[in-house]
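Look at the two complexes coming up: chain A is in both, with chain B in one and chain C in the other.
Showing the complex of A and B:
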C-alpha cells in the first residue's frame, strides 16, 4: 500500500516541472467554465426551470462536473496501450507490483494535481457569479462522496479494461475515439441526462457511463429520490464487479497472445 | 511557385499511403466521425430541450459548429504537421534538409505533410451542413454554393493563420508548445452564437482572434438573420478577406521566424 502511495506522490510531483502547461491549464480551464456558464445562462434566459432544474442548480452542476471530470478522466488506457505497443509491458510482467494498481496510483496522483488546478478557475467563476449550492443535506452529501468514490474506481476500471485490448488492436487511438464518443453521449458530463429524450435516456440507463459522475452529482443536487440512491450505489457496485472480473479474464488471455515488439 | 505539379506529387504520395493502410484509415475515421457526432448530438439535445439559445434553434447551432469543423479540417489537412512538427524539426535540425531543397519550404512542408485523415471530419460536416440546410428549408442556389466555398476557404485561412502564428515562436523559444493551445481554447467559444457572451468577449472574437468570421457572421447571410448586435452587417461577407489578410500576415511572420533559424547542428 505504502509503495502505491509513493507512486501517486511521484505522479503528483512530476506535474511541477511543466510550469507552462500548468498556466495554460488554468487559462483553458477558466475559459471552458466561462463558456459553459454563458451557454446555460443563454438557454435559461427564456425560462426559469426545465425538468424542475433551475439555473443555480445547473451552474452548480457545471462547476461540480469540472472538478469531478479531473478525477474520473484518466490516461490509464493510453499509458497501458503505450506499454504494450513499445514492449515495455514485458518488464511489467516480471515486476513484483500489480500493474493495474500501479497505473491507478499514478492516475490518482495526476488527478489530484488536476483538482488542485481546477480550484482556481472555479474560484474565479464563483467570485463572478456567486452561485454554488451546497448538497441538499448531510445525508445526500455523504452519499455523493460514496457514489463519487465508486464512480472514480469504475472509470479507472473501464479505462484499464479498454486499454487491455491494445494487446490485439495495437493502437489505443482507435479505442479512445470510440470510448470518447460513448462517454460524450451517454455519461451526462456535458448535458445532464435529465434533459435527454426518453429513447436516448433509456440507452444511457443500461450503459455504465452515467455511473461514473452523473449519478453522483444528481445525488448531490437532490435530484435522485432517496429510495433510488441505494439502487444507484448497487448499480455502481455491480458494474465495478463486472469490470473487475472482465479485466481479470482479458488479462489472463492477453498473456497468452502477447507478442513483445522491439526491446 | 514554379513547381506546383511537384507539390501535387507529394500529396499524391500521401494518398497512396491512405490506400495502403485502408483498414486503419477507415476504422480511425469511423471512430472520429462517431466522436464528433456525439458532440453534435449532445448540443442538439440541449438546444432542442430549451428550444432556443440566444435566438438560434438547434439546427442553426449545429450549423455554427459544422462550419467550424469543416474549415478546421480543410486547414489542418495541410497545416497540422507543418505546425505540430516544427518545434521537433528545429530541435533535431531536420529543418536543414527542408530549407536546402530547391523548393518553397512552406509549400514543401504543407504538401509532404498532407494529412488525409481529415476525410472523416469533412464528410461529417458536409453531411450535417446539407442536413441542416434542408431541415431549415434553405434552398441551394449557385450563388449560395459559391459563397459557401469561399466562406469555408476563408475560415480555413483564419484557422490556419492562428495555427501558424502560434507556431512561429518555436523559432526563438526552445519550449513554446503551450502557446499553441491558446487558439484551441478560444475555439470552443464559436460553437455557440457569440452574442451570448459579454461584449468584451465578442470584441476579442472579432478583432483579436477573429473566429467570429468563420461561422457566426457568414451564417447570418445563409440563415437570413439579423443578429449583428453592435456590428456592421457588411461583416457577413468579409470572411474571405479576413482570411486572406490574416494568412498573408501569418505567412510573413513565419518567414521572419525562418530567417532567424539557426541550425542546432546535430
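Showing the complex of A and C:
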C-alpha cells in the first residue's frame, strides 16, 4: 500500500516542476469556464428554465463538472499505450507491482494536482458570479461522493481496458480518438444529458460514459429522484464489474503476445 | 538442480512483410503476410549460484530475448526456464521480488525527481527493511561514487550517472540473481571501468549470480568467469573464459627478441608462429605449460634482449567465429 501512495505522491510532485505547464493549465481552465458561463447565460437570457433546470443550477453544473472531470478523466490508456509502443513496459514487468494499480495510483497523483489547479479558476468564477449551489441535502451530498468515487474507478478501468489493446494494435491514437468522441457525446461533459433528444439520450443510457461523472453531478443537484439514485449506483457497480472482468481477460491474453518493441 | 535451468528454449516472432506501392499498402490492410523469425532457437544451459556469466552475441543474435524470458517478461514459444525453482513468466510477481534487472537502453528512475526518491520507492516496493536499506544505499553510493548527484533531478544527469543509479536500484533489495542487459552501452572508459569494478565487488560481497549481455568484450574479460556465445539464436560456445581463450584463441603469447639467429623450440608445447628480425612470437597454452616454465625453457637455451607475455585476443577470436572463419 505504501508503495502505491509513493507512486501517487511522486506523480503529483513531478507536475509542479514544470511551471510554464502549470500556467497554461490555469489559463485554459479559466478560459474554458468563462466561455461556458457566457454560453449558458446567453441561453438563459430569454427563459428562466430549460427542461426545469434554472441558470444557477446550470452554472453549478458547469463548475462542478469542470472540477470533478479533473478526477474522472485520465491518461491511463495513453500512458499504457505509450509504454507498450516504446517498449518501456519491460521495465514495469520486472517490478513486483500490479501494473493496473500502479497506473491508477500514478493517475490519482496527477489528478490531485489537476484538482489543486482547478480550484483557482473555479474560485475566480465564483467570486465573479456568486452562484454555486450546495448539494440539495446531506443525503444527496453523500450519494454524490459515493457516485463520484465509483465514477472515478469506472473511468480508470475503461481507460485502462482500452489501453490494453495497444498490445495488439501497437498505437493508442485511434483508440484515443474514438474514446474522446464517445466521451464528449455521451458523457454529458459539454451539454448535460437532460437536454438530449430522446433518441440520443437512449443511446447514452445504454453506454457506460454517463456513469463516470454526469450521474454524480445529477445526484448533487437533486435532478435524480431518490429511488433512481440506487439504480444509478447499481449501474455503476455493474459496469465496474464488467470492466474488471474484461480487463482480467484481456490482460491474460496480452501476456502471451507481449513483444517488447525497440530492442 | 542448478539455480537457473534453461531447457530447449525457443522464441519466435512474427514479422510483417512490407511491400512497396499503394496497392500493396491497401492489400496489407486486409491480408498481411508474416515471416517467422526464430530469435532464440533451442538453447539449453544451466547456471550455478554465484556465477558471473557473459552472454555474448552480435546485434540481433537473441541475447536480449533470452534475458527477457529469463526475467519473465516474455513467454517462450517452446522450452522451459526455471530460476531458483520457479518459472519466471508464470510467477512473475514472486520472481520479480528475487531479481534485479538493468536494461542499458531504458531507465527506471523518475525522470523529474532526484534519485533518492526512486530509492525510497524501491524500498517500499521490495519491502526492504530500514537497516538493510540504509546499509545498501550507503554501500552503493560509496562504491559508485554517487554522492555528488544524489539530489539532482535525474533529467539533469549524464548517461553514466543514470546508469549507476539504475544499477544501484536493481541491487537495492539484495536479489540472488541480477540480469544486466548491456549496462555499459554508450558509456566512456572511466564510467565503464567504475561499473565493472562495482559488479565484481558486489559479487564478492554478496555472492549474487549475474548474467550480463554486452558487445564489449572488455566487460566480459573484466567481470565474467564463464562465457556463453550465441549467434542467430543458437548456442555456439558455453564454458569457462580461460578454456575459451586456450582452445580457440590459441592460448597465450610470448613475444621475445632473441640474440640468436636460428631459433628452435625446445619443447613441443611451445609453437613458434611468427618471426620478424630478432623478434619471435611463441604461442602456448596455459593449461599445458605455465608461463614461467615456458620462459625458463627458452632462457635456458637462448639469450633474450627483451620479452613480453600477452593474453590471447578474445575479441579477434570471437570476430573470427562470427565471420565463420573459425568453427566452434
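Throughout what follows, the second predicted complex is superposed on the first by the 263 of 263 C-alpha atoms of A that agree within 3 Å, B and C clash if a C-alpha of one lies under 4 Å from a C-alpha of the other, contacts with A are read in each partner's own complex, and residues count from 1 in each chain.
Keep in mind that, in the parts below, contacts are C-beta pairs under 8 Å (C-beta built on N, C-alpha and C of every residue); 3 or more make two chains touch, one makes a residue touch a chain.
Only a predicted model underlies this, so the values are computations on that prediction, with no experimental measurement involved.
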Chain B versus chain C as contact partner of A:91, first or second or both or neither: second
Which superposed partner A:47 touches (first chain B, second chain C, both, neither): first
Chain A residues touched by each partner, larger count belonging to chain B or chain C: B
Touching partner for A:252 - first (chain B), second (chain C), both, neither: neither
Touched partner set for A:21, first chain B, second chain C, both or neither: first
Contacts of A:2 with chain B and chain C, given as first, second, both or neither: second
Chain A-facing residues of chain C, complex: 13, 64, 68, 71-75, 89, 92-93, 96-97, 99, 101, 103, 105-106, 108, 110-113, 117, 120-121, 124-126, 153
Chain B partner contacts - residues on chain A that touch it in the complex: 20-21, 23-24, 27-28, 31-32, 34-35, 38-39, 41-47, 50-51, 171, 173-174, 177-178, 180-182, 184-185, 190-191, 195-197, 200
Interface residues, chain B side, partner chain A - complex: 24, 27-28, 31-32, 34-35, 37-39, 41-43, 45-47, 49-54, 175, 177-178, 181-182, 184-186, 188-189, 192, 196-198, 201
Partner chain C, residues of chain A touching it in the complex: 2-3, 6-7, 10, 13-14, 17, 87-88, 90-91, 93-98, 255-256, 258-260, 262-263
